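The next block holds one structure in the form of structure tokens; read it before the comments.
We just call them A, B, C and D in the order they show up, numbering each chain from 1.
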Amino acid sequence: MKRGLLGLLIAALVLLPPLGKPYVLHVVIVILINVVYAQALYVIMRMGYLSFGHAGYIALGGYTSALLVTKLAITPWIGFLAGGVVAGIFAWALGAVTLKLRGIYFSLSVFAFAEVVNAAFRAFEVFGGPAGIAGVPRPALLGTRLNTHLQFYYVVLAVALVSLFFLYRLQWTRFGFTLLALRTRETERLAESLGINAARYKTLAFVVSCFFCGLMGAVHVHYLRFVSPFVFTFFLSNDLMIYVMVGGLGSYWGPMLGTVLLTGLGEQLFAAGYYKSLVYAVVLLVVILALPGGLISLPRILRRGGARERVLPVAADVTAARER
Amino acid sequence: MRRPMLALVLLVALAVVGLPAGVHAQKSFKVGAIVPVSGPAAAFGLGVQRGLELAAEDVGVFAVAGEKYKLEVVTYDTVYAPDKTVAAINRAVYNDNVKYGVIIGAGVHPPILPIIRETGFLDFAFAAAGRQITNPDNPTAFRIMASSDQLYQAYAVAIAEKLGGKRIAFLGPNDELGKNDAKAIKAEVEKLKAKGVSFVGDEYYERGARDFGPALLRLIAQKPDIIDTDGSPTGSIALIAKQARELGYNGYFVNSTAVLEAKAISDIAGKAGENIIALRIWASPPTKLYTELAERHQKKYGEAAPGTLWETYGAARWLVDTIVKAGTFDTMKVADALAGSTYAAHPFGAASWGGEKAYGIKRQIIMPIPAAILKNGKWEPFDVRSGKFE
Amino acid sequence: MLEIRSITKRFGGLTALQDVAFTVGRGELVALVGPNGAGKSTLFNIIAGAFPPTRGQIVFNGRDVTGLSSHDLARLGVARTFQQTTLFGEQTALENVLHGLHRHVPARVVAGLLATPAYGKEQREVARRALGVLELLGIAAYRDTVAADLPLGIQKLLTVAVALATEPVLLLLDEPAAGLSRDEATRMMNLVASEIRQRCTVVLVEHNMRIVAGWCDRALVLHFGQKIYDGAPEGLTRDQGVVDAYLGVAELA
Amino acid sequence: MDVYLHLIGQGLAIGLLTGILYVLIALGLTLIYGILHIVNFAHGEIYMLGAMGVFYCYVVFKLPFAATLVVILLLSLLLGLGVERAFFRPLRGQWLQLVVASVGLSLIIQSLGWIAFGIQEKNVPSFFTGVVAFGGVRLPTQRLIAAAVGVVLVGLLYALVYRTKVGLAMRAIEEDEETARMLGIDADRVAALACAVGFALAALAGAFVAPIYSLNPGMGLEAILMSFLIIIVGGLGSITGTVLAGLLVGVLQSVGGVLLGAEAAYGLVFIVMIVVLVVRPAGLLGKA
């Protein structure tokens, strides 16, 4: 059943857009970008790690591409990849140092890193200083520059589908499955005794997570055709965390659900900023207190009549012997 | 079982509340207020929103090419963030077919200028920064407030003659506004080198910061007699004055971007507020309309009018007059008609457009520049006569 | 197979172990015995690589592994269980064992990402191997139950299953029978002495004499960090040193 | 040369005064982390509520200064008890949910603040005007008084934690909550008290900052950023660590500001933090 639904969704995303108005395309583009950010953040949140500084890596990816394209006239297609790679490298560097820390220490150090990155972009003129970098061109394909909403929508869709497929499949690899063994200090010690090098796995997970943030950050900057230290801020990291928590940590589809719902809801509340954050916060607290598994756990709870099931992605392929 | 159901019901209720309100009976001419109405810069945004609302009341019903219209204000909160401004202009132009609007913030303009060019959106920019917005590539972008270049020309003359100031220092936020204003001031002060006026130092602080002690210490060590605080938010200027006096500085303060209420400054700084010169304050109301609007705002919204009210009101009334005369909503035609016209009933006084020499296109509003100096808690006229600004 | 050369361990002023030395041959079933606080767990954790000794060496299959991290030791074939029955509480029994198989499952990142048919077949094979380990421990029926919901007895068996899944050469069991009923303990020890013993050498920590005498071929008694007896369990009751150290504390079951 | 000496002296003095205020804010955060094991994101907002409380009590309702402080103290203690009971207790033990819930709480208080307090910047006239000058260093009296009270509050906290039975219970829970419960310590009651005291510290810090700075509902963000910095450098859960780190950051920012300029000083403080994180991940006096 789930395969069919997924196929339908992808077909709709590919075929329907030409009919949509530019504003609808804009909203779908923003949702697709946020979904990839949320799914990338989910990779480490699923591992029990909370990051308040993912906007820093998104900014790194965005600035890398913006600088490469505007200063060295490199084609944006390379800029996208470079954005992901640079974010990954910084993730590896910070990960090696901070992933030994657990819990709030890790979250705060990533948060501090993001603040330093933003302060650096603001301070040095080579990064465009507080004004940022304007005139970041859209990529060109077969000679035409993809300036209209529809054209660039397909770029965002392509990158999003590839990223989401990769992140989905990652769960069913041994690597994705092993990350589940590192959720707490005790299970980490047990994993170590089974030959799993916890530090290396956690760092790799952090690199994967930041690679996709950087990649999508670059695409985002080329969509805005602009980047400045005020675009990817602490508030973006907050929103992403809220999308993942409201959607639910229990399954791959949780963060996606949370992002689509809340971004859609957010679009309605365009008149005043603080109404949007008020609604986000109320929804977040209601879900955390009344629905710990997040919205994604709702169908299971309604069907089962309240059994609070520990919903964790089961390595279906790896346990094919189990029919369910 | 009960708790999840409760959660589900609450979520559905919230989603419904969010849906946009009903539809207006009469045909409406929508004007967007793409401004921050939350966050630190909210005061500026609300001034624009209310300026448009008061203008809509006064304009009432007007006819264009035989159809009756009322002016409807649609607010899009940008929270002064670039990506939110892009979302707002996308929604305004493509979803709500809003073709006209006031947009605050030089910092948020770069990402939306391409969209403004592509769609011909008529942008009344509330942003001091000069060339980036008003230039030949953006035929439908007008600046409805005095630009920083305009203000410094006026203010540079004031330093040399009236205040006899010789050593100018700058203290402002480390964002794009502060850095641009500092560059503009340095350029103007260079021109006065012959008169022995020199620029002695510039310091920056985190926007929204509260403690200016360290930065002021460095500046005061240079013995300045004028400290320019351009780009600083309203709340900070009084604090700067207070903390500077505490550190022994007793020269002048000059600000050409913020709008300051005398009472607000004396609340924070008390006597330390003396000798603040503001280039956006009218010591004595320039026109009867100016006072009327201030009183109507106090009655309607229960608080003093933010500084962006009058310029927005004036620009909105001028726009509607032009559209009625031109008999069309086509932004390119209206832009040309507007640029060529003058408007006597602007709250600041007679207004016209200029700026061909400075920016290569007539899109800079030319109107009397207010200036006042704070003397024992009251604004007194500070006569700043400057050369023409082409 | 395993040589312990005069291991000493001091925590600040306290000397937990003082010049303990012994060797364990391939296929032996050795019990580390001693009253609480005698240093059994400290010695056990040093062998398992949890923390390094203050002085002394550990040689495993002729190689000096002193101070090696636990995941490197695991790669050399040393597996262990924990005293507090540590398990992956949020995952099912089968998944816990799958983590145990980690070393023997090729990473196959590319195949995994592309979900190739070969990858699917290989994963099913891995699942069958995991199921086999559960069957060996007789707890296959619980394969889909989440570990945290299992009764203590089954959890204990599961911890052994997870350790066994790494196909170790040396299996270190930390009080495998602790907290179990008499029958469950008997069932556990029968398994250890039969199937498990054929697969690998076993060193277990135990302070219950009945278990040591019943199943182990050799007992090694620690008292205040020093080795006071190393020989057949039967000799325990006759050795004066052990009797003084022990009988003064616990009754001989 | 003496110009710089004077500047550094002045910078040092202001740095210490600001440092004490930073300590006050961060202490509440450390206390709550130590006992409840969460970093309360809504801490900055409580600081803001304290400042707004002074504006409404002292300026709008014309309450005398002492009465204002008492009102703020009581309200913040009540708020602390309420929040602990409604949000933190149901989520006890679920670390991830607790932290994200506190982020939600922070957003709610902030947005309600914007709606209730409006957008105009609020100002509170100084309770004590004038400047105290000695040895070429000029210090505003208002800040001196605020710093003095800050020192008293820190002293009271030390007394509470290290001299009273409740303090002993707090330290027991911080070491090992399970054992503490087994020894008959009512962990829930102590946690509620710790949360209340934490909130009170933040609110009082806000109250003392009110006359020095201008107020708006968003001022909590800077306070929480600075407090995070301080508890990372000082070491989570360590009161002495927080006090030292708070003073260090205050002085560093002020003297750094004087010598290198405000922007560089801000960067300097962050670099020091990254260095501390690398060298001693648990912070100066923290326990990892």
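In this section, a residue touches a chain if its C-beta (ideal position, glycine included) is under 8 Å from a C-beta of that chain, and two chains touch if they have at least 3 such contacts.
Fair warning: this is a prediction, and the values are worked out from it, not measured in the lab.
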item: Innermost chain, taking as reference the mean of every protein Cα atom displayed; value: A
item: Most distant chain from subunit B, judged by the mean position of its C-alpha atoms; value: C
item: Distance between the centres, which are taken as Cα means, of subunit B and subunit A, whole angstrom; value: 36
item: Averaged-CA centre spacing for the pair subunit C and subunit B, given as whole angstrom; value: 74
item: Separation of subunit A from subunit C, taking each centre as the mean of its C-alpha atoms, in whole Å; value: 41
item: Per-residue overlap in subunit D, given as positions that touch at least 2 other chains; value: 111, 114, 263, 266
item: Residues within subunit A bordering two or more other chains; value: 123, 274, 282, 289
item: For subunit B, residues that touch 2 or more chains besides their own; value: 37-39, 174
item: Each pair of chains that touches, named by its two labels; value: A-B, A-C, A-D, B-D
item: Residues on subunit D engaged by subunit A in the complex (per definition of touch); value: 33, 38-39, 87, 90-91, 94-97, 99-101, 103-108, 110-112, 114-115, 221, 225, 228-229, 231-232, 236, 263, 266-267, 270-271, 273-274, 277-278, 281-282, 288
item: Residue ranges of subunit A touching subunit D (in the complex, touch as defined); value: 45, 48, 50, 97-98, 100-105, 107-109, 111-113, 115-116, 119-120, 123, 234, 238, 241-242, 245, 249, 274-275, 277-278, 280-282, 284-285, 288-289, 292
item: Footprint of subunit B on subunit D - complex, ascending; value: 3, 7, 10-11, 14, 18, 111, 114, 118-121, 123, 125-126, 129, 131, 138, 140, 209, 212-214, 216, 218-219, 222, 253-258, 261-263, 265-266
item: Residues on subunit B engaged by subunit A in the complex (per definition of touch); value: 1, 3-4, 6-8, 10-11, 14-15, 18-20, 36-39, 75-77, 79-84, 86-88, 90-91, 93-95, 107, 110-111, 113-114, 118, 174-176, 178-180
item: Subunit B-touching residues of subunit A, taken from the complex the two chains share; value: 21-24, 26, 30, 122-123, 129-132, 134-135, 147, 149, 224-226, 228, 230-231, 233, 235, 265, 267-274, 279, 282-283, 286-287, 289-291, 295, 298, 301-302, 305-306
